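Two complexes, one shared chain (subunit A), two partners (subunit B, subunit C).
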Partner chain A sequence: MCIMVMKRKSDKRGQLKIQQMAFMLMAITLFFVLVGMFVLVIKFSGLKESATELEEKNAMLLVTKLANSPEFSCGGAFGSNRINCVDADKAMMLKENMHKYINFWGVSNIEIRKIYPKADSDVICNLGNYPDCNIIKMRPKEITGYDMSNFISLCRKEFSGDEVYDKCELAKIMVSYEKK
Partner chain B sequence: MEKRWLQLVIKMNKKGFLQISFAWLFAILVGAVILFLAIYLSTKLIRTEQTSIGAQTGKEIGILLNPLETSFETGKTTSLTLPVETRIYNKCNNNGIFGNQIIQISQKSFNKWTETDIDIAFSNKYIFSEKYVEGKKFYVFSKPFEFPFKVADLIYITSSLKKYCFVNPPEDIEEELLDLEQQNLLIEDCSDSKNVMVCFGDSNCNINVNYYAKYVEKNNKKMYFEGDTLMYAAIFSDSDVYECQLKRLMQRVENLALLYKDKAIFIAETGCHSNLNLMELVNIAGGFSSSEELYEMNRLVEDIKEKNELAECALW
Partner chain C sequence: MKQKKTKKGQEEMVGFGLIIIIVAIILLVFLGFSLRKSQKEVVEDYEIDSFVQAFLQYTTDCQDNLEYLSIQKLIFDCNTGEECLDGRETCKVLNSALIGVVEESWKVGGDRPVKGYELKINVNEEEMLFLTEGNITNNYRGSAEYLPKEIDIYFTVYY
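Then we have the complex of A and B:
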């Protein structure tokens, strides 16, 4: 009788130990899973941040050189080679062909805004109102997210009487990028 | 009676021993599973981290090459130093309207190169280098490519570990290389046998340049060029990279020619005429397949260039 009681007691103690251990192991697993998830969340938020930082850096470096890229630059069309000069006639043609250049520069939009001589109101350029306008938007959508800008000279061929001459104005080129 | 008691105690002890061993077995099994999972997840996490660092470095390199594309940076060497030994894989494809410049980064970790299949693609960059360049320090320089208008700035990347020795270059090339002051581009000083020999007019070097027949011979393959910009491109890159990038450049020529054609029609309304044969250039550039076609194409390019210079209104 005494032996039977002892056996049952030791059986119960063994079961209790297994239960304790199982709970402990579950707790440890859960702990590791939570720690892992925490680490992953931090890592991925960091990744998003660095993606946005890289976008910003790209926009910043791009805006300084964009006016000199062949699709925008004046080249020698207005006399000697000019730096940071945008050919407005070419920019208008680029605007019409912008569907080809959607991801070409890796930014969400490009806008050229005439700043001097100052216009009374903002008029977006199209083939109908050009050159009596002051904003050339490469894509019709609004500039969203963040933008970077740089001063440029905006030149075009102007017709007066029976004479064609080069007209250059002060403008700003803006590139925008979306936050990731 | 005493004997029976003893047998029972022994039996019980045995059972107790079994119970302890089961608990241990259970703990060991679950512990092993946990340890396996922990090690597996850590390895995965490390790989993900390495891939992410590779992707970030690739993107950063591409972005840092932005200022090199401006014309006023021409002829200037800059260096790029990375914290660890790095391989920059230079890939290219002709998909889409402009094709893609693809960069892949592999870095040394625990004396092993990390594997990556993350492609960092750029449409507006043209990098000329070997299939991969390896090291911590890289030299980068750029030159504009005009055909007949400015098409792009070509970027040449070389590792500081690889030295190029130019033998008998034409005077203007020698002057340009001296002006660059790039430490791994040597002239005539070819004492080290490890140097890559670039010979002009000789045919027993690693790279042979026939400046007058306008081709570069490298690994028994001929790469044809027009102008010094493409000559450097052929010298510093593999033939596959060169041909692919050249095709991408022609894709851009085609689209720029269309842009100039539209501009010509647009400004003609203001009385500004320029009569250039741009549609022929569009067609030839659109059907471009290898550098062998450059010579024929160059005749048309020279003709258009001359006409643009003499036009009432220059288009570029």
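Then we have the complex of A and C:
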């Protein structure tokens, strides 16, 4: 009889211990879940910002190398190889064939704007008014979102009487990305 | 017996509390590390470098027997005291071309990001040309370009 009572008592104590452990495990799990959720919320709230930051950095890197890419660079057309030199004639032809280059650079637009000599008004270049214009827009849409720019030398072949000479002007190349 | 049980329960509570505190501290440290923003990378100042390289290629209206001269060639000719085909002094043409180029490229003002700039062209460490506008501040970026014949170009922009 006495042994039976003792056994029942120790069983009850064991159950209590198990219950205690189960509660503690639940509490710890709940605690970790809450903390995890808190961390996730904080991390994901900055995700959009970091994506924009990354794109801005990408635009900056692209704009530094774009002028020296084969699609834009002067190459050997204006004497020795020049750095940061864009062939305006090449850029105009590229503009006409821009549909073949959609998603090539992963940007929404590329624009070349003459800075000096300063023009009286903004004239967008097309095959009809070139070179008496000051803005070469690779795509007709406006620059939206954010953009990065870099100084370039915009060179072309110019006539002076019967002679042809190299004329280089100061310009800025702008790369724009859509805001996400 | 009862006192022993209470003591045991208290010990367990303290242990549980300690575990919670240790875990919380570890998580806080981890959170602190993950939230600490990575130090902003030092971005190479490509814009000023590119500007100097681009303006050196700018074709001026000064002509010699062969061609219209670029600013770079004008610097060399100014150094040797030569004249344009139309009789103008190369140094004067260089000066006016540089003023135009820099003024149009870097708009200076109190309400603008650029507060001032300095352009210096040295030959054999002696000043050949010096252009300045706006205010000198402690926040500046610059570029140096070294040409043959000991010609050095320094351009500094103050923000």
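What we mean here is this: the second predicted complex is superposed on the first by the 135 of 180 C-alpha atoms of A that agree within 3 Å, B and C clash if a C-alpha of one lies under 4 Å from a C-alpha of the other, contacts with A are read in each partner's own complex, and residues count from 1 in each chain.
Note that in this section a residue touches a chain if its C-beta (ideal position, glycine included) is under 8 Å from a C-beta of that chain, and two chains touch if they have at least 3 such contacts.
Source: prediction; values computed, not measured.
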Scan A:L16 for contacts with subunit B and subunit C and give back first, second, both or neither. neither
Touch check for A:K90: first (subunit B), second (subunit C), both, or neither? first
Where does A:V39 make contact in the superposed view: on subunit B (first), on subunit C (second), on both, or on neither? both
Is A:S153 touching the first partner subunit B, the second partner subunit C, both, or neither of them? second
Which partner reaches more residues of subunit A, subunit B or subunit C? B
Looking at the overlay, does A:L30 come into contact with subunit B only (first), subunit C only (second), both, or neither? neither
Answer with first, second, both or neither: which of subunit B and subunit C does A:R82 touch in the superposed model? second
For A:E169, is the partner it touches subunit B (first), subunit C (second), both, or none of the two (neither)? second
Quick check on the superposed pair: does A:P117 touch subunit B, subunit C, both, or neither? Answer first, second, both or neither. second
Residue overlap on subunit A between the subunit B interface and the subunit C interface 28, 32, 39, 43, 64, 83
Give the list of subunit A residues in touch with subunit C in this complex. 20, 24, 28, 31-32, 35, 39, 42-43, 60, 63-64, 67, 82-85, 115-118, 149-153, 155, 160, 165-171
For the complex, give me every residue of subunit B touching subunit A. 8, 12, 15-16, 19-20, 22-23, 26-27, 30-31, 34, 37-38, 41, 45, 48-49, 52, 56, 59-60, 63-64, 66-67, 69-72, 97-98, 122-124, 149-152, 252, 255-256, 258-260, 262-263, 266-267, 270-272, 312-316
Which residues of subunit C touch subunit A in their complex? 12, 16, 19-20, 23, 27, 31, 34-35, 43, 46-47, 50-51, 53-55, 57-59, 67-68, 70, 100-101, 104-105
Spell out the part of subunit A that touches subunit B in their complex, as residue ranges. 3, 6-7, 10-11, 14, 17-18, 21-22, 25, 28-29, 32, 36, 39-40, 43, 47, 50, 54, 57-58, 61-62, 64-65, 68-71, 73, 75-77, 81, 83, 87, 89-90, 92-94, 96-97, 100, 103-106, 157-159, 162, 164
